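Both complexes below contain chain A, partnered by chain B and then by chain C.
What follows is the complex of A and B.
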């Protein structure tokens, strides 16, 4: 299972535009994508905007994005970049 | 089936009319938008359920069936940091459809140089699942669309 641990930099956290951008990219991936907080919250479905919003990731918090299968490393790199974007 | 009510009074104009690609391109989900009547008013819950997320400028209500509806009060209104908005409920509250959630004034938002248009979005829905989408004048609590 591939993982990326990233700190969310956007002022609004992983909500609104960052959340929509993240989920839109995740939905294009063929494999399952999950997002969790290191404290044990989640993992939630990274393709669900409701689930990602409900995880309530604030600015400065860390998330772990997971995926496995062919092409997952590339998908994880892109998702990590979206989540870490200011 | 979920019946989604108009959270504000105004004109249903469709998401394509929203001056923010995150909504107009349907990235958040399908739905519509209401160009609100200018003047002080109360934005209400579009469905019955629990307030999963409550910001002064936006809120998400999740029904007992797990479906979530987002109401966004104006565009880029996160920048107002709550100024001009008053919460009438709290995050985690259970609300009935039509219950007031936030008091605000679309005219004040517009005077500040922002669009007061309100996207109402069915989260995680596909556009084909929405029917009976209202167009034109809507009152608070009118049926806005059905989510099959």
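What follows is the complex of A and C.
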């Protein structure tokens, strides 16, 4: 299973625009995408904006994004870039 | 009739009211369907998709900030969690409208429970839910008049971005909502449109349709059927004030050139933009609670450093005064438990909590020391005694922090400011708490709010005493409470010997203009006149009488 650990840089955290951009991209991927906090919160469905918002990831917090299957490395790279964007 | 709410977008707007009452009935509990489960699910999914499509389309037409908000809402309408929940509720026999209602309500409750930003997003879910149910019932959502003869004052319980996104200034003179907060969509979009708005206004939806309404987005006042003369006056005053305020620029100073630096009170990095836009000269009070609230563990050192660095970078070369964590039994933190207290305001608050949890203070001061540069000041809240001040200042010095001060919020600290200043590099008066403790009047209690008046002569005495002690010690005295935001009081504070003022960014322009209209001597005379009075009302009137420039500015 592929994983990316990223620190969320956006001021609003993984909410609002960053969350929407993230979920929009995740929804295009054929495989399951999950998001979790390293302290064990989650994992939640990365294609669900409500679940991602409820995870309440703040600026400076780290998340682990996971996916499996063909093309997952590429998807993970893109999602990690979105989550890490300021 | 006059109502009062929270002004979130400044200016005065008036026009006929347009009361938007969207009432989608709650589908009856346990409502069942007649046909096949698969068909019912299909019906629900079609409605969800349709609403998502409409939200997205409106977003595309609106563009800008509204587009982002609406696209996020479109994602919520088709959220896989909601879809699964709706399907399973239909499998259990519930009709589509009821299943949609329960699925959204479940998520709304989760978000509402988080409070703050997420709590306000809960209102979004209600709106999406109602739109889906309306589609299922074949009910049309109300449309706002697109080209009215005169711009109207839009009144609602709460407004959804889908309602407001396509509005323009040609249609809307002002917004009034019964609910919502300063970060609600109504507030954000109203500011972006430059239209006055008042939110959290009790009684707003009782305003009759079509009556004239005047909205002051600065004071939060909403007048229903105001006298015509009153409207003309308010509009005149608002535009004159706007012109006068925008004429005053640059650093804070009196008419004769005495510098009185004007700083912003900032509650999170998000406020820094407003502080910069209002031309603050730095941050006079950087509240750090945002780093700690709603947390199960303390913030990481990196996170703290980033937040402090952000402020320092926003004001290169300027002053940033960081207040260490001000928490206590009234705003408890999960990781800093304090036993229940009968009087939280008198309990283990502010610096006192650091006595119990010294490691939290150490972590905060370490993070500050790591980013320290010349303009960084650090101060502690709730300092009562010389020992408190010495303990805190020593901890800052040990880490090489360039400037360590204390807040003057407790009368004992004001009375002994001289002793505190033997240790501290500066003092900053928090007038709200100083009032609360000087008058034994709970800040949260409406019944004793008259005692919370910064014009109370006893409070002026405590501030004067602190400023004098600072002058004698040759160290700075600032004021960072609500009082500094009143242009009349700002002149008086300068006259009492206060060297700098810090306030909400929205108040800076008025204070800058007020100070620039008077000499330091005028400010001193006004301060003496105010201090000589026996009551708060007399003190204010006496000060005003010596500050003729304020009336000219419409302040």
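A few notes on this one:
In this section, the second predicted complex is superposed on the first by the 86 of 86 C-alpha atoms of A that agree within 3 Å, B and C clash if a C-alpha of one lies under 4 Å from a C-alpha of the other, contacts with A are read in each partner's own complex, and residues count from 1 in each chain.
Keep this in mind: contacts are C-beta pairs under 8 Å (C-beta built on N, C-alpha and C of every residue); 3 or more make two chains touch, one makes a residue touch a chain.
For clarity, every value in this text was computed on a predicted model and none was experimentally measured.
By the touch criterion defined above, A:49 lies against chain B and chain C together after alignment on the C-alpha atoms of chain A.
After overlaying the two complexes on the shared chain, residue contacts for A:16 are found with chain B and with chain C alike. By the touch criterion defined above, A:60 lies against chain C but remains apart from chain B after alignment on the C-alpha atoms of chain A.
Annotation: chain A residues 12, 15-17, 20, 24, 48-50, 53-54, 56 touch chain B in one complex and chain C in the other. Residues 11-12, 15-17, 19-20, 23-24, 27, 39, 45, 47-51, 53-54, 56, 58-61 of chain A are the ones that touch chain C when the two sit in their complex.
Against chain A, in their complex, chain B makes its touches with residues 22, 27-29, 52-53, 58, 60, 62, 66, 68, 78, 123-124.
For chain C in complex with chain A, the touching residues are 68, 71-72, 75-76, 79-82, 107, 110-111, 114, 117-118, 121, 125, 269-270, 294, 297, 299-300, 302-303, 306-307.
Considering their complex, residues 12, 15-17, 20-21, 24, 48-50, 53-54, 56 of chain A touch chain B.
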